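As written, the chains take the letters A, B, C, D and E, and residue 1 is the first residue of each chain.
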Amino acid sequence: MSNRLRGLLMAAPPVLVVALFVGFPVVAAAMYTLGHTGGPNSVIASIAQRQYPADHWWGTTAAYSEVFASGQFRRSVSASVVVTVVAVVVTVVLAWAIGLYVRLSGSRLAKVFSALAVVPLFIPVVIASYAILTFYAQDGFLRTVAHLVGWESAPTLSYTMVAVTIGQIWVSLPFGVLMMTSGLNAVPTVLVDAARDAGATLPRAVWSVMLPMNVVPTVIVATFTGISVLGSFTVPYLTGPSAPNMLGPQMTNTFGSFNQPQQAQVMAMVVFALAAVIGAVYVWANFRTAKRSGAVL
Amino acid sequence: MAEPTSAVSDRQGPDDPANAATGAAGATGTAASAGGADRDADAGLVLHQVAKTLGGRLIVDNLDLRVRRGELVCLLGPSGCGKTTTLRMIGGFLRPDAGQVLIGGRGYTTTPPERRPTAMVFQNYALWPHMNVFRNVAFGLRLRKLPKAEIAERVERTLALVNLTHHIRSFPAQISGGEQQRVALARALVLEPEVLLLDEPLSNLDAKLRVKVREDIKEIQQRVGITTVFVTHDQDEALSISDRIAVMNAGRIEQYAGAHDLYREPRTRFVADFVGTMNFFEARVREAPAGGAGGIGRVAGPGAVVEVGDVAVPCQAPSALTEQPGLVGVRPEDVRVGQPGGVPARVVREVPRGHFTEFVLELGPLTLRAFVGADTPVGQETVPVTFGRALVYADGKLRSERPVGRADG
Amino acid sequence: MTAPEVPVVRPDDLDAPPVPDVAPPGGLVGRVVARVLLAAFVLVLGVFVMGPLVWLAVRAFSGAWTFPSLLPGEWTLHWWRQVLSDQTLGSSIRLSFTFAPVVTVVSAVICLPAAYAFSRYQFPGRRVLLISLFATNAFPKIGLFVSIAGLFYSLHLMGTFVGVVVIQVLGTVVFMTWIPAAAFASVPRSLEEAARDVGARPLTVFFRVTFPLAAPGILVAMILSFLASFDEAQGTFLVGAPTYVTMPTEMYTLVLNYPEQAAAVFSILLSIPSVVLMLLVRRHVMGGHLAEGFQLR
Amino acid sequence: GNGGTDSSSGGGGGKTARLYVGGDVNLRDMWQKSLIPAFRKDNPGYDVKLTFSEHGVNDTTTLAKLGAAVKGKQDPGFDLAESGFIGTAALSGLLTKVSTKQVPNLTNVDAGLLTPVKQSAVPYRGSSVVLAYNAEHVPDPPKTLDDLLAWIKAHPGKFTYNSPPTGGSGQSFVTTVLDKYVPAGDRQKMVTDYVPDLEKDWDRGFAELKGLNGSIYQHVYPNGNQDVLNLLAKGQIWVAPVWSDMALSGKQTGLLGKEIKLAQISEPSFTGGAVYLGVAASAPNKDAAYKLLDWLLEPAQQKKVVDVLAGYPAVSLDKLPADVRSKFAGLDTQHLRQTYSQKMTNDLNNLWQQKVPG
Amino acid sequence: MAEPTSAVSDRQGPDDPANAATGAAGATGTAASAGGADRDADAGLVLHQVAKTLGGRLIVDNLDLRVRRGELVCLLGPSGCGKTTTLRMIGGFLRPDAGQVLIGGRGYTTTPPERRPTAMVFQNYALWPHMNVFRNVAFGLRLRKLPKAEIAERVERTLALVNLTHHIRSFPAQISGGEQQRVALARALVLEPEVLLLDEPLSNLDAKLRVKVREDIKEIQQRVGITTVFVTHDQDEALSISDRIAVMNAGRIEQYAGAHDLYREPRTRFVADFVGTMNFFEARVREAPAGGAGGIGRVAGPGAVVEVGDVAVPCQAPSALTEQPGLVGVRPEDVRVGQPGGVPARVVREVPRGHFTEFVLELGPLTLRAFVGADTPVGQETVPVTFGRALVYADGKLRSERPVGRADG
């Protein structure tokens, strides 16, 4: 058996599993958003309200039109995008700061510190969200401390998009830190030395050498954080406001509380499309670097 | 070959670190002389009593080194002897625990690397993989905020110097090891540093390329006339490229001399062993009994014999005579094969090495290596052996009581 | 030709007056400021990460605790007694501990051969498959529930143990393939060839050389898989309820429906397994294998 | 007839009814601690297995699952359910129609209660939303809706209600405010039918609600009924709409202190109504389910519901013991002010979310 | 040095691979001879017309190679010439597209590595990091399910052979590069293979160690008497260790001969350039005009002159005479300095190289390198130059019409 065939056969099981249990439902969902209510969608079609059945062979965009026309939805999209962007930026910055600190100091404190940043990886998201909810609540730590130092009108962050963003950052931090510390550790010290030798101060060497050499890890952190924040449910559901909230809870409400599954799946398609755009950035960054480093594609 | 040693400078007073390593320099044959205010002009680089402890171990031990302006000095020594550590202290990547680093007579001991007039070529070249060749070389100039046109001009000029203009837009990963090496050199040279530092710059190249590139480096260094410290553990490299060589061992300089002197008169056993090949054995070296070794036609001056057990090998030029058996070293080319009056030795192996042939000989209890011209007759079972120069060591130090200069006169 | 001289170190060399340096390193003030900033950063980040967890933990032991006091007015174990008397908790924890290892092993069996193939064989569509594994997972699950439910019914998986395993495995496929693939790729081929050379057949090579050397990366993937199974709630509920109600599924109910103190107790109890796991495996996760796995090759 | 049924039924021989309950935890406690043990005792050989889901959180998935199961004539994983989706399920034909044939005690129930669910579900208790207030701070609680609205504006930050998608108490408050502007005839249609065209009647009500945003505690709407109770308990707010049953159980367990008192408002009152149990159309253990339903409608169990949950009975009061009857003296427990139909409520949730918060 | 070429075997028919490389062997001075059935006894390893295309490029091109039992043969060539590819086909890691691989006379062309009687020492040693030294060496024996006691005994014996018994419990990461190298060797030897394959086994060692370890390898190889193929790009390594050397270029063997012959009579320009140093220039080589070059005392046989432009350098032993200017190569040691009758050349640089000195000379339009004994007088501005042997190339091939044997006779 040729290696090509053997490779294909061995690679098949997970691909088939995902294709069957995720790929097929994705296709069904996409069809349903276009109003194809038969086949795998017939059940939900019999329950749904405000449903737009297909009126052309390819379907209808009516559900999309309705969803996009909704101010509520647009607010959710902007909330999602804003939270995603802020969470990504802050996560990337924090990951860089911690990664740099660990890389350049190498002290025991730095190691403890990076270990600390990984703790959230091991805490179930429900619990994390709940903990964050209480920490930033009306009677939470933050307001308590603010009160003790005399700032009595400190805002309550729980049930606001700020808490959602904080929660997203908290949950995303470990992946970011793991990625960045290992990315930064992979930059040989000698390259930084060489920059200093050429006359760069340490910050300048970081900027000119470490930063560009860690584009891929940074893009990975940004894209994976972005995709998971965008599709998240638990954090915004537990810590966020009723509305406008992120698309995750919004979708869930639309599905359950409003009984409009077709519209909910339109939203899912939107999330998916946004995630795909982010994912494309990730793939592009990987390929670009691979090409430049002379790797055979 | 003689080294004009420098004077005590007015600024420095009698403790002038510029005198560092004069002792070693003296070993090249010239006595240290006082006077003259040429220190600043002359001393490209001075290490004065520099010491460094790392991980609790003393890695560099009160090291003195003086490099003349425009000179190329090799730090040669086995792995772990502190070569890189020394170089990094010169470059500013490590701060000495004690002692001083002076460049062109000015103190730089605690100056960070970005403010030193040094430039380093790293062992793996340390090219920035995300910058193309132009940007790698231009980086330092950009930091200095030179006008764009000037940067381009200087980069191109330097790349022309190392013969790489055609690769100006290539990325490091796209060019060969030897080319990367030259980019690293250009990157260092473009800044016109006072001192060029190279840390085993050739060790990742293959044998053939290594020889070619080291000649290129030497050639460029001479053309630019830059003070250079070159770290290597390859004695052949050191011999062929240096003006002077500092042989390091365990954090100290064992000998500091030109290639010729270093090879011919290694002052310690360590140097003798590390530089070139050396036949070492226990022997007595005595005045040749009248009429004995005297029979050897070409011996200049009073003859001698090297006594190993029962065997007495005629020797033309021992560095000293001994009463008791002691350590004697004879270079393979000083094991003379086929001379009349020689002691017969069995040929164990004959290894053609290109332009010369290596003989492995059994002479009494000894196994000796001899290098002879490629044209020496092969296939003989025994050959007569005499010694040319023989170096006598006591307590690991050369005993040099008789001139051993040119045995061939 | 003079005889060589032994160098003489003159004693007065030793206390030569130092030449003042051209440019000594940065000022004291700068360094102090940097230290203070660093300390502040460490403190803020420490509170950000650990604060919510500690705040929640304290709550579990608090009686009356009124804003704005930093600590509870009274301490009690009352909530622990109340919560520990609840038997549903024990069974959901047991169930989570059953699913997590099973899912991890099943996922490993499906994905590891693929990971090996991705790292060792060139076959058509290799990269596309590698990326598509991830792409499908970027689709928000909520949009898929209807089709997944239909699919699971037609495959007789609904409400079965196997069904729950399948739905949980879906969430582990990406890193169970990507991370071990990177781990396999990092085993030098020459080590495998050396084994062939001394007489090992391909399978022997795999089990005696490749696998042990890739083990740290595989371990990381398995840990993440374990955690993912531990954290999965939505899909598990869809497929498993009512027979299989795992810990996080239970958790949604618990945190929102009990007095805060009781919810805090739940949270602590449910975090214990993860935290124990974290203490056991933190070093492996920190080792950079995670980061490796996300670089496309 | 399939593998799914066998491995998921969890009860032998169809004698175990699997019950899905979506609601607040007081419900779970009632089932787990009182009703189920009593059912076992009264009906040897029969059993009930409970699956509980916090209000709303799993309704989507459960409904999706039910739909798929019924279509494929497979086991949905439960036999009968009480939850927010029952209305939708009943109207979508996913539940079994019930009559006195299967559940003889249905005779005790007002037939009108079966209409909104097309005879596909059985009301087994009633519940209504009431106004809870902190008597220490509010000695004189509002008596009418207008009083309440005025009070809210006069005491910013001291009132809240949960967002309608997350629980019935908030839904009821919203419905009540909307009803202020809905003509009686239209309202009747909204209770019995799905009439999206009438939703414009809600516009003024939503505007009124939006006007309250600034007076709402922290300007955010809590998630769920329980959250509102917690805020009351901690003294963060002083007045809120709450489920009568939840509030009463809260007082029993001590979560709510003595200072929290309950009252009903008028003109109009908060809504309330029957709570239904429905049997899944493809449930494998229907007999056990019917058995449970019938048993629940017995006076003894109805009394339990009243005592434990502080709920209303589903059967007419005259079928109940005197002490229970006295509790509801003057209350028409069978004719509470009804909520909108399920689909109207779904749209209400949606429109509230679009128009009110933020 | 002559190679007894073998007969056509009954089994193989007229295309007998045993005849492989006879042409190359012929170049060593002995004509190919037919007859004799010693093939099986004699041929340790035969590659017959082996070819391999990789990534669309022909990497190994109908290569023939014959290694005698117990012989050590080096594959020497520049990077990318196909050495590793060839070795991997012998080891079974690659399957030849065409041709045959025979070991001890038996065909192994398509046998997977685990069933070949070969053992490989990899460039980076490829020790299994999760096994200690004992287990690394024992692995192959365990696979053969030998009794425990025998395994232990053989492992210990082999480790003793490479002098590593004291590291038996160490892990690869805990021992030095040179020691790792010896473990790799032990791991290969313990299986008592018929053929030992080494792929640049020394390239990761530092200069000093490289020389030591290659001597160890040679010594062990001779002691064990194992047929060995050794890949290297270091000509010094190849010269000093091999019985014969196959110089590869672009997938073909350019010359296959012993070190001595290879160095002295490189049959192609490529070989001449790759092995050792060679002064190449365009020149005419003509009979010495009567009484002209004849004046040089030590010239044996008819004298000649090498004409470069206006300059005519006396030459003792050209390989051929030419009418038109052509490519001529003179080894640095054949650039004789200080001989009477020589043409004066300017000394550009004098580089002490230890046991010899390299002169860079300017002679008319030419820059020449000369290697002379370390004792040749230094410091002269011009020196008289004559040539010893001169090799004439036409179309990249050696023209060998006159005996150029020993110029010193």
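Note that in this section contacts are C-beta pairs under 8 Å (C-beta built on N, C-alpha and C of every residue); 3 or more make two chains touch, one makes a residue touch a chain.
This is a predicted model, so every value here is computed, not measured.
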Co-neighbours of chain D and chain B - touch as defined: A, C
Path length in the contact graph (chain B to chain C, fewest steps): 1
Most distant chain from chain B, judged by the mean position of its C-alpha atoms: D
Centrality ranking, top chain (CA atoms only): C
Which of A-D and A-C has more C-beta contact pairs: A-C
Intercentroid distance (Cα basis), chain B paired with chain A, Å: 59
Approximate Å spacing (C-alpha centroids) for the pair chain B, chain E: 29
Centroid distance [mean C-alpha coordinates] between chain D and chain C, Å: 41
Where chain A touches two or more other chains, by residue: 43-44, 138-139, 238, 252, 255, 261
Junction residues of chain B, two or more chains touched: 112, 115
Interface hub residues of chain C, defined as touching at least two other chains: 142, 146, 149-150, 234, 252, 256, 260
Every chain pair in contact, whichever chains are involved: A-B, A-C, A-D, B-C, B-E, C-D, C-E
In the complex, chain B residues that touch chain E: 78-79, 203, 206-208, 233-237, 239-240, 258-260, 263-264, 274-277, 331-333, 351-358, 371, 373-375, 377-378, 388, 406-408
Parts of chain A lying in touch with chain D, wherever the complex brings them together: 42-44, 46-47, 49-50, 70-72, 75, 138-139, 156, 159-160, 237-238, 241-244, 252-261
Chain D partner contacts - residues on chain C that touch it in the complex: 142, 145-146, 149-150, 152-154, 156-161, 234, 237-238, 241-243, 245, 252-253, 256-260
Residues of chain A defined as touching chain B within the complex: 188, 190-191, 193-201, 204, 208-209, 212-213, 215, 292-294
Parts of chain C lying in touch with chain B, wherever the complex brings them together: 1-9, 12-25
